[in-house]
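Per-chain numbering from 1; labels A, B, C and D assigned in written order.
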Amino acid sequence: MSNELVKIGSKRELQNGSNGLSRRQFLKIAGAGSTALGVAACTDSPSQKVLPYVKGEDQQIPGVSTWFSSTCMECTAGCGILVRTREGRAVKLEGNPDNPINRGGLCALGQSALQAHYDPDRIREPLARDSAGMLKPISWEDAYAKVAEALKAKGKRAIITGEVSGAEEELIAELGTAMQFEHVVYDVSQPVALAQASEAAYGSYGIPEYRFDRAEVVLNFGADFFETWISPCGYARDWAAMRRSGKVHRVIHVEPRLSLTGANADLWLPSQPGSEIALGLAVMKRLLEKGRGANLSSDVRAKLAELTRSVDLDKVSAECGVSREKILLAVDYLDQAKTSLVIAGGTAASTDNALSLQLVCAFLNMLLENVGESVLLENMRKPRSSLSKVATLIAGMKKGEYGVLFLRGVNPAYALPSSLEYNYARKTVGLTVSFATHLDESAAAADLILPASTSLESWGDARLVPGVYSLIQPAMGTIFNTRTFGDAVIEIARKAEIKNFGGGKKDFAEYLKASWEKLYSNLGLNAAGGFNSFWLRSVERGGYFKEAASGERVKVKVSADAFQIRTEAPAFDHKGTDGNLVTVYPYLSVKSFDGRSANRPWLQELPDPITQVVWDSWAELNSATAKELGVVQGDMLQLRNYYGEVNVPAYVTDYVADGVVAIPIGQGHTAYGRYAKQIAGGNVLELLPPRSSSEIEAVSLLSARAQATRGRGNPKLVNVDGSRTQTGRDLAMYDLVSTSAAAAAASTEHAAEQHGEHGAEHEHKIKQMYEQREHPLYKWGLAVDLATCTGCSACVVACYAENNISVVGKKACYEGREMSWLRIDRYFDGGGEEFHVSFMPMMCQQCGNAPCEPVCPVYATYHNEEGLNAMIYNRCVGTRYCSNNCSYKVRRFNWYEYDIPETLALQLNPDVVRRTGGIMEKCTFCVQRITEGKDRAKDLGRKVQDGDIQPACVQGCPTQALAFGDLNDPNSKVSRLGKDNRAYKVLDHHINTQPSITYLRDFKYRA
Amino acid sequence: MLVVIFLALVSVAWRWGGELKAETAQDYHAVGVRQGVWNNGQAALWDLNFLDYFHYFGPPERARGHQPEQPIKFSHVTHVQKNQMDCQFCHWSVDKAAYAAIPEVETCMGCHLQVSGTEQWQKDEINKLKKKNEAGQPIEWTKVHVMPDHVRFNHKRHVKAGVTCQNCHGQIPEMQVVERVSSMKMGWCIDCHRTQGTSIDCYTCHK
Amino acid sequence: MAGDKAVVGVFTYLDDVLKAIAKVKSAQLDFRAYAPFGCPEITEAADEQRSPVRYFNITGALTGLVFGFALAILCSLDYPLRVSAKDVVSIPGFVVIGYECTILFGGLATLLAVLHFCRLPDILRKVGYDPRFTDDKFGIVVSCTGSQSDDVQSTLKSCGADEVQVKDGL
Amino acid sequence: MASTAKEKELTYKEVSDSVLKMLEVPTGGWYVQLLICVSLVLVGASCWTYQILTGMSASGKSHPISWGCYITNFVFWVGIAHSGTLISAVLLLFRARFRMSIYRLAEAMTVFAVMTAGLFPLIHLGRPWFFYWLMPYPNQRTLWPNFRSPLLWDVFAVSTYFTISAVFFFVGLVPDIAAARDRAKTFFRKMLYGITSLGWTGSNSQWKHYMAAYLLFAAFATPLVVSVHSVVSWDFAMSIVPGWHATIFPPYFVAGAIFSGVAMVITLAIPLRKVFKLERIITTEHFDAMSKLIMFTSGIVTYAYITEFYVAWFSNNSFERFQFWFRPFGDFWVAFWGMTFCNCIAPLSLWYKPLRTNIAFLFVLSIIINIGMWLERFNIIFTSLAREYIPSAWGGYNFSWIDVGITIGAFGWFGMWMTLFVKFFPAVAISEIKEILPYPLRDKHALHH
């Protein structure tokens, strides 16, 4: 990577507010190889320059991808990633199969990190506030000097960060020792109450390691472990492994709102908000009655019996809105399971007595003998987020005690409940220094901004789980005039004349290496070739991953505190309201997470898995509640209480509890960037009271009520689903399996019997006018296992990233002009006991008998030798007949000549042409990867083998629900799945399209 | 309509006649003659492809005979013909990647640290190179063979299959200034693919 | 037409002109009859031969049929691309092309034929043509030598011609 | 005109006079009409320009309704074109005498309607500048169009139809232009008619070949009537879209086309008759005959609608059934019930004879039918695409001003040509009306038929 080539951004450009890059400069980057590459496709200019490297790089062959292992820093799961670079630009992120946390998958949020990296609204150079209060560019030297100057003054110093670990944590600790910085950590997504409860119940602070692949029954109080909770990629993968094992496996999800996890659960029990604790206690009582708990000491047992003495099942049932039978059923399942798992998390478990709920869960796990089986205490994550420290800091700030405040990877002005008054408090701080990558609310209010490089441009590491030490390495040079946070801190210390700061290391890269050297010796490792070879090996693999520890189990130590369980329902703050009370239910979604991903067009355009809403915030409310409030779908809903007011478009659904208004966190930005700012809907965190419980170190998300009224305006809520149900059409097929007959293992056989006429076993005996076509060499096919597809949408984002799919914006989405080649069809079917949510990835089926092909007058689409439904973009004249005739509606037309900001254009995949206006496009099974795979195989002198080629969706799938391969090879994974009892092809039995995609029926275990 | 249909039939017949000829003449030059008739404007009557230019409004950069002036008067005659350098010495990635790399400035300097030219113009040009090297700037060559972006052309595959550089690029060793000698239009590619019996599936070359 | 004179008779009544045609014909004189509309009585009386236009039509149509199928088949074979599960040469679809070409070629051949046989387009005004022939009068132009012209004139008059003129023939 | 015995028989002179009077110096009203038409064309042209510059997004199309207003217009105008050929060719073969006075108008309508219809596939293309890729022209790519595509059939069918109907139209015009030529006074008109009449004189040999050829044209144009709209209907029927994929489409489309075309002929003939005082040439008997044709075709169309519903029910295909439930009761119910009223119910009034000869009523009814037929195509295209197989991809349509502007522009375009035509060429067939008048005979019993 020639750093000389990729420095962009100048003062003038930032002041003008322009996109910065001129085409000329852009080509300097893009053309670092021998050609201007695919990005130029949007202009198709005949005259091109070609710029060779000044110096050759050993790794880089122009036109050949280079991969770097690294770590995803989007949430605190710590998934490993592989960064694909072309001519010095990162073009795609994929999961690192070596990393034990995600083992190959990568969620939508992680996939979209590229867009944060190439965000046109990133801060491009250091900025300082001038006397007029405007942010003006400043040189790095001056900026450092400014900080050093401020550090000379008296006053306390603090640094607020998100969750940090590894070398960066050590560096911040050194800030504390050398410069007296208090380190405060805040991250709204951290399940701190869980960690606290673990301390009381198990004896050590932290989040236990959950093994979903061992739990036959999961009782889940609100944890959205497929989407946002702790480590969704890893959990989903474990869950999928359990589902594939053939064992009966149940997830019982208790939550007022149907979350993604609820939708995938075998049983979703909609509860009244805050009633989960009662339900947990009832389950505990029942289990005790059934004689569970023999493994516990009599003391503990007695205390638990005491705790549950007053629990009355009927009362609980009434309070929760969950029928008595269901509760008893859940207990029976738990009781009968060899290993089960009880967890609580997400918003439902974020009340002011969250700690009690977590303790109940912990005890349930003990009662059910899950500790050591599905709840492992050996490698606990230790979240450091602490609301009390934040509150103390803000109190101190208000008193004017603080002279310098550093902000790193955190946006307190947005992500803290505004009732904590950070925005007021920060004004008293002498110098607020932000190390943000984006001009978010906090950075925009800071006095000095030292823009940090993203994790794709920096060195770093993540040691979030003991035993998993992940490295971050720069996959490319910096795009803008930014520096790694660590470098900046070291430089500041140098300017402030702190001796021997950071061990006297020149920069953070060296500091990191030194830190790893320490780690190397602490772990007592002894690699052949010493530390250096260990280091190189780690960089190559993406870190050092310890083999699973054997033997030694951590002993559970129940402390007396653990029995301090408040059994009553949590309190709700409804200050400042006057009638029309609703419970505010803010939740984390994969689309906007805690607000950090709001400026990524991919995620904004990604339909929310449940609501299918794009480019908006929304308020889900029950149809009964909506009727009461006089609100219909798409109306503006105003929520108001003492703390604040938000206006969000209403989404009327049957899948939230009565009186609950569920709003995703993360939208309603007032700063941050062009995409984030155009979203209708406010920041729901503004409605939250400051701190509802002194004992919990996390924001209680479920603690506010608000007055709801119909607001003004027509926000034009855009949801891209054409229908909420599949109206009885056998598209997404599923079986609701009864296991009372203990026919667990045969469940899938049973399904096949029942629906055998649609299964793959059934030979098509359809009369055809023409002979069945043969594919002599390869016939590419894909299999989608609906039973393990969670609808997490990672594949959708992966597809956008790989195939240069245009993002069209809210207006075009509203008109039905979204471009996603791969969409996830979501259907709610059946009611009551029959209720089922289907998620169905729908992409081009590459039909053997494609309806789209014969209708094209110019052969822009035709059937190729390898079974692909080829689409030749530049031949297309745009009759759109193919789209009409596509039964699966997966063809997308370029209604506009779509625009892409220049920095985002750096991400474009040079192997895929950018489509111009007026032509049709669609999924090609990532034909560029197929070509590349064949090319590689040819170099090796063999045929393509199974696994050689993975389209982007298949690669990114956290649960491996997708498989790709050659259908001519009977041993390929996709062929084997095609012979599965559950296999079927969508619509094939109706219209004989002979799709190359096999779907495997979903199944849910029901009573 | 009538005219169009007539032309179509004539051209099909023409092409089929031509194909037989190409099968018997295995050497590229014989094929090249016919390619010339077909694709290089000598049979404009049959080749109505000029209509395609309505879209581009006539880019000479995409036509045969494109011979742009380069920032440095690099002479293939001197390097290849006189000094017998192998093509792949500089364009080292042709058998490794889809792209044929333009040599890095560093590669040029490998020789030109010692070699500084005999004639004055050579010295001038080499000085330009040296300046670029000192400044750490790349040389902004103008592309001679510009392919549209929807084309997926892989040098590696062609080189490994035994296609020589000259087959497509012409007698580069004799060119003082590089010129595009082939139309490099689709029909030109297809013709060779047909005669060589390689795939004419669209996805072979289109992306 | 043989002869250097042209005798023009202008008639109002159809039976008169038919009579005149019969007489002129029996005199074995060259003549042209004019009518303001296509009158089968006149054309049949003047000339028993059926128009050969229909042979052109059928030839054109058959050629079109062959062309249509040939075009579709040869073009499909020239760059064989499969669509859907259909064969490269899938005749059912080509029937439409063949059919349309049949009609197109047949129609165009007929047009050429009619232009050819009617000697159209024709810039020169024929001798003896009178603008009233496209309006409401029938006419007959008889080519004869100067000596015959008087006879012809009287014949026409006797048949009921409104008006008889003598012009220099070609 | 045997039936008009009460009135005085028309003479050849009167026919020529009254028809050729139409070609006299235009009045102010004519200029106003032309101006209106031209400005509508300009509106349409600017809308199209805008659409080309911004992309197809300018129109209201989207997923899943990616055919919309333009194809509706295309089918509508092709349908309009049909009755022209029907009246001129088919009725000629059937020797229906009432054809003579209106066929020229109908043929002109055919040619101009095809010219209008032919624009829409171009307007509809995502990249109209590559329209010629649909032609089998020789090219260096050695790549030809796909002869299996119904759209290519369309290219052949519509261009053949245009060619043949234009030739038929023009050949029919030649003797009448000659008549106009012989009366032309101004230099411009002399030149115009002199050239376009090709020097026609009306000699016996010309008439002989002419009549033979004319009959052959008619014989060739007749299968075109059936084939062109069948091919257009295959654009739909060849697909697998529920609501489109039906074998009834070709006859149903042809009948519908004739239905709409006859209505359009009435719409055009009534003002023409009024303005140019052609009451004696285009008589109420003609309207009566055309009304009967409307009743007949309306019956067929109604039957086809019912059949569609019946087959959807009988097929037991859930997709078809849903589609035919959606049409009357779904988002586009207005279009469906509007269509049913205009095409099935309103024409029933013609069973009452006095209404068949009531010119004002017929004019209103013909416009209602035209609207109804547009709605029929709207129904077929929009509702079928809106609810296809995959419920998650169901959607709607957002009409844009561009859609409306181009639709209006098409009417302007058609009107412009019609306006110019009636002023410059004989809009009523002079020679053929003369043909069916009683022969002028000195001896009334001279000829025996």
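In this section, a residue touches a chain if its C-beta (ideal position, glycine included) is under 8 Å from a C-beta of that chain, and two chains touch if they have at least 3 such contacts.
Nothing here was measured: the structure is a model prediction, and the numbers come from that model.
S.K.: Relative to chain C, which chain's C-alpha centre is the most remote?
M.R.: The chain lying farthest from chain C is A.
S.K.: So which chain ends up in the middle if you average the CA atoms?
M.R.: Per-chain C-alpha centroids ranked by distance to the global centroid put A first.
S.K.: Is the C-beta contact count larger for A-D or for A-C?
M.R.: Between A-D and A-C, the larger count of C-beta pairs in contact belongs to A-D.
S.K.: In whole angstrom, what separates the CA-based centres of chain A and chain D?
M.R.: Their C-alpha centroids are separated by 58 Å.
S.K.: Between chain A and chain C, what's the gap in Å when you average each chain's C-alpha atoms?
M.R.: Distance between chain centres: 82 Å.
S.K.: Starting from the mean Cα coordinates of chain C and chain D, work out the distance between those two points in Å.
M.R.: Their C-alpha centroids are separated by 29 Å.
S.K.: Residues of chain C that touch two or more other chains: which are they?
M.R.: Chain C, residues with two or more chain partners: 71, 75, 78-79, 81, 83, 86, 90, 93, 101, 104, 108.
S.K.: Pull out every residue in chain A that's touching 2 or more other chains.
M.R.: Residues 851, 854, 856, 859, 862, 864, 875.
S.K.: Which chain D residues sit where two or more other chains touch them?
M.R.: If we look for residues of chain D contacting two or more partner chains, we find 130, 136, 142-146, 148, 152, 156, 159-160, 163.
S.K.: Show me the residue ranges of chain C that touch chain A in the complex, using the header's touch definition.
M.R.: 79, 81-87, 90, 92-93
S.K.: Per the contact definition, I'd like the list of chain A residues that touch chain D in the complex.
M.R.: That would be residues 721-723, 725-729, 731, 812, 815-818, 823, 825-827, 840, 842, 851, 854-859, 862, 875-881, 883-885, 887-889, 892-897, 917-920, 987, 990-991 of chain A.
S.K.: Going by the contact rule at the top, pick out the chain C residues touching chain D in the complex.
M.R.: Checking each residue of chain C against chain D gives 12-16, 18, 32-43, 46-47, 50-51, 53-54, 57, 61, 71-72, 75-76, 78-79, 81, 83, 86, 90, 93-94, 96-97, 99-101, 103-104, 106-108, 110-111, 113-115, 117-126, 129, 131-136, 160.
S.K.: In the complex, go through chain D and note every residue touching chain A.
M.R.: Result: residues 54-57, 60-67, 121, 124-128, 130-131, 133-134, 143, 145-146, 148-152, 155, 235, 238-241, 317-319, 322, 385, 388-396, 398 of chain D touch chain A.
S.K.: Could you list, by residue number, the parts of chain A that touch chain B in their complex?
M.R.: Per the stated touch rule, the residues are 4-5, 28, 33-35, 38, 40-41, 44, 46-56, 61-64, 859, 862, 864-865, 868, 870, 872-875, 911-914, 927-928, 931, 935, 938-939.
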